[in-house]
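In the two complexes that follow, subunit A is the common piece, with subunit B as its partner first and subunit C second.
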Partner chain A sequence: MATFNSSVRKADNSTIIEVSGDLDAHTATQLEKTIQDLLDAHQFRLIVNFTKLNYISSAGLGVFMAFIDDVRTNGGDIKFSNMSEKIFNVFDLLGFPLLYEIYKEENEAVKKFNLPTV
Partner chain B sequence: MGTRKLTVPSDRSQLERIRKFVCEAAREFGFSEMEVNKIELAVDEACSNVIRHAYGDDASRSFDILVETEREEFSVVIEDTGKSYDILTHKLPEMPVYLREHRPGGLGIKLIRTLMDNVDYEPLHGRNRLTLTKRLHPRTP
Partner chain C sequence: MQKRNRFTYLLLIIALVCEAAVFIIDVALWYSRRGNAVELEYVGAYYFKDILSVVLFLSLAMAIRSIYGRPAANARTNAWTIEPAKALWGGVLTVFVFICVALFLNAAFPKSAYQEIKALGEDLALSEQSVFTIVKSHLVALGTGLFALSGLYVIERLIFFRRSKNTRSNFLVAVGLMVISSLFMFGSRNMEGGFSLFFTVLAMLMMTANAFRLQWILSLSRRDKLRTLLLIPVLMIGGGIFEAVLLSSASDAAKTHAGTQVCLHAYSGVAGHFILLTLLFIFIYLATSFFWLLLHLPTSEAFEKKTQEMRSLYAMSRFITDVRDEEKIYDSLLAYTSGSSGATMSWLDIYEPAEAIETAKGRPLNGHAAEAPVGKFKTVSLRNINAETVHRFLKQASFVQQGIVVKKEIIQVDDLLTDYRLGKQASFFTLAQRRFNAFRKGTPDGLISSLVAVPLIARKQLIGALYVAKDIEYGFVKDDVEVISTFADQAAAVIDNSRLIKESIERERLQQELFIAQKIQLQLLPQSLPQVDCFDLDGISYPAYEVGGDYYDFVNLSEGKTIEKFGVVIADVSGKGTSAAFYMAELKGIFQSLSRIYPDSPKDLLIKANETLTRGLEKKAFVSVLYGVVDVATKELTLANAGHCPAILVSQRGNRVVRLQGMALGLDKGKIFNRNVSNETLRLETGDVVVFYTDGVLEAVSGNGEEFGFERLTLAIERSKHKCAAEIKADVFSAVNHFTEQGGSVNDDLTIFVIKAC
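On to the complex of A and B.
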């Protein structure tokens, strides 16, 4: 059984999704459900904290692609933080830093969401 | 030259086991951790495609992963008997367009071809044989 886990908590205006373990074609559906539940609860300011994520494949990246339009249409965003070099390399290889904001630390992303929207 | 083989059912839960098998072999062969990560991702993407597309997530089917080493070359051969698909003729997405359109999926083949030194595909007697190769030291031009 692949080891993947996600836990959700609030930080100011943001919802933090902490992911851990391996995010692949097997476990991506778990993350899909977590994000879908948040959207159903009208949580659109999402930060994914990657501190404990060991591995990601294109199936994992696909989850963020699947939801980004819906989230942004509702005035929110999906921001990323605390990526290891290994995880960042996969995002970078496919040009994802052009589409998503990636922060070194979670609190930088939280601060960004706290700024008044123009 | 050495060969080792793993046979797994066509089930996504096997991906973690496949990654461990390939990473161990790649590390033993002498690759740096960064190169091991690349091989791990390419093989995972290829095997995900077999499970999802060649076998349509039918866990009653199975496929083989072989690690073959010769001199400087480390090859991972993935053999299945499912629906054939030539990844060499697959049109790779143009990333700026792809990202603009926010399409989920379809990035696996792009990753495989970017991460490995050589990718070869041959359908043979009802079997699909995909060979992903990386050299221990890049060829000097």
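On to the complex of A and C.
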């Protein structure tokens, strides 16, 4: 059985979701619930930290697609950070870097969120 | 049967002959005595009489056994062949007849007692007053003898009821002692005989010991117990009256005797004594039975109730194996529970956990749903109570459901009116006032006063609650609660069982549906690929589940009959299973129609496809597509990629992973997509192999967690490049399978398409 875990913590203005394990069709619903809960709590500046993620499937990628419009219309964003090369390749192949900001380090994304929005 | 009947008749005839002989001897003796021939009295006649009478009563006893001992038609179901109450009733009637006969004899033959006489060599002897005395004592002896022997048979049956190891021997010892004691009377004329008294005492001790074998009383119904209890004294009094009537024909003044004992001994020392002892045995047994019955009468109701509970439980467990329908179980459960706990009202709630409700959002719940902390209760069956009363009660006493959901424990309410859980502790005075008010107004019918609520738990999950209630206070005791909870456990098992069965049926149905879907989806893929000049084509797709989101297709783009231009597409819908399969079908429609509109530019096709798809696609769904158009004459392959795994070209000039910019369909409405998608044209030469595939191939995992990857894929193609397309395809598949063999797995749909230029 694929194991997946996500933990949420605050950093300045942003909320960081740390994901670990395998994010596939089965575990995607967990992440969906986590993000939905954050949106319900009006947390729209989200950073997903991929340090500990081992595998992501297309269904896992779909989770971010499901929420991005909602987040952006509320003035927030979903940014990614700390992707391994393997994970990045999956995102890259499908063209996700064209839609999402991907950072090497989490604090870069935090800084970006801290900048006053124009 | 026939043989047995004949045997019985034979016994009766023997008895009759013996009786006639004894009677003749008695009459003869009387006449000899009358003729003052006492001194000449032939003592041997008494011995002969004893032998005859013993034979007589032995054959009578055997006849009785033969008649009563016949197995009844329903012997298997009936625990005993003689019902005690019935036997007693027979005894009472017999005694009544005896009394009547005795009264008649007294009236008809006034001088029929025994006269004390001085006999030679003996202190005291008795002699008949008249020849009628002989008739009378014979009637008495035969009557009481029949009665005693039948009674002994009944007692034997009762003693042997649920016999233990020593029962039989104890009984036989008692009878044996009676026989020995009687045998000492052989030839006696004065009711005395050697050690007879000693053995009589021993026999009485054994009788008493046997008289405590009273297992049958426990099994009697309360009604039968009462009947038996009443009949025993009646029988005893009847016996007393009979004796009194017999005695009334004698008088102390005239020194005459006429009791049963006298009659019996006059009849025969041995047989008479035995019958007397048997009557004593019957008396002792009846006496102990009487007191035992008295002791058990109060508990008989509880005993019967327990039996009823057992029966209900048994019926219920039989029910489990028979009934699969959950709805039917609900009603029967309430019926069984009410039946055995004496509850007037009961109802059953089924618990639906919070998650289940969320998934069934928008669907109205049938029946009445009460508020609960987590999840919801749904009343599925009611008995002698209406939904409104239930609702009102649960609203008033919300602690009941809370306790069931949170603590999963049995909740008992003894008196709803004054229950401490209903709010803050009221003072004694307030409670008394409340009670008085209720008393004055009178409680309306069907209002719950006491209640037991038991959670139904199956596999550690709360699946419902069983409520039983009464309209009186303190209606349930500990025993009731235990029974109700036993039923609840049973019910939980039954309901869980039926659900599991239902689930498995449902699963089977879904499986069937999926099988159909799978067949249809296979039809959506090319059934066979056409022959194209200079090109060898082959492709295949394996879904990870029954249906998948992978798609490949071939389309002829030329006008004429011969194929001059064709398109090849491979696509992967995000996710797996049913939803992906639907999008795959949609994709086929889009591709088939658009490919003919944009025969020259794969890029334009993808742009248009993105536009079309984005509108109909779920937010989180997207599709990666690799599309290529081949011009047969020029051997040119024009590729455009929308976020799909790059095609691999294996050629004499070197191998290449054909990476192209582009993002998957459905991610963006058009602006960014259109900016990034591009075409590239490759010129193929004879022997070149181009392979389209989905990420299932690359992401196939080996036992130690490694992925198949580009290198292994390229290598596999390289190795087989000189073979035909079908073989290359098969070789790549076997390479993947070999790679995942040792504990690895293919987690995704797996598709591959091979184009080989010849």
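Everything that follows uses one rule, which is that the second predicted complex is superposed on the first by the 118 of 118 C-alpha atoms of A that agree within 3 Å, B and C clash if a C-alpha of one lies under 4 Å from a C-alpha of the other, contacts with A are read in each partner's own complex, and residues count from 1 in each chain.
Keep this in mind: contacts are C-beta pairs under 8 Å (C-beta built on N, C-alpha and C of every residue); 3 or more make two chains touch, one makes a residue touch a chain.
The structure displayed is predicted, hence computed values, not measured ones.
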**Request:** Tell me which partner A:T3 touches in the superposition: subunit B (first), subunit C (second), both or neither.
**Result:** first
**Request:** Could you tell me if A:L94 is touching subunit B, subunit C, both of them or neither one (first, second, both, neither)?
**Result:** both
**Prompt:** Which partner, once the models are overlaid, touches more of subunit A's residues, subunit C or subunit B?
**Reply:** B
**Message:** Quick check on the superposed pair: does A:A41 touch subunit B, subunit C, both, or neither? Answer first, second, both or neither.
**Reply:** neither
**Item:** Touching both subunit B and subunit C, residues of subunit A
**Value:** 24-25, 57-59, 61-63, 65-66, 69, 86, 93-96, 98-99
**Item:** Residues on subunit C engaged by subunit A in the complex (per definition of touch)
**Value:** 572-577, 618-622, 624, 642-645, 662-664, 667-668, 672-673, 676, 695, 707, 747-748
**Request:** Write out the stretch or stretches of subunit B touching subunit A in their complex.
**Result:** 12-13, 15-16, 19, 34, 37, 40-41, 44-45, 48, 51-52, 95-96, 99, 102-105, 107-108, 110-111, 114-115
**Message:** If we count contacts the way the header does, which residues on subunit A are in touch with subunit C in the complex?
**Reply:** 24-25, 57-59, 61-63, 65-66, 69, 86, 93-96, 98-99
**Prompt:** Across the complex, what residues on subunit A touch subunit B?
**Reply:** 1-3, 22, 24-26, 55, 57-59, 61-63, 65-66, 68-69, 86, 89-90, 93-96, 98-99
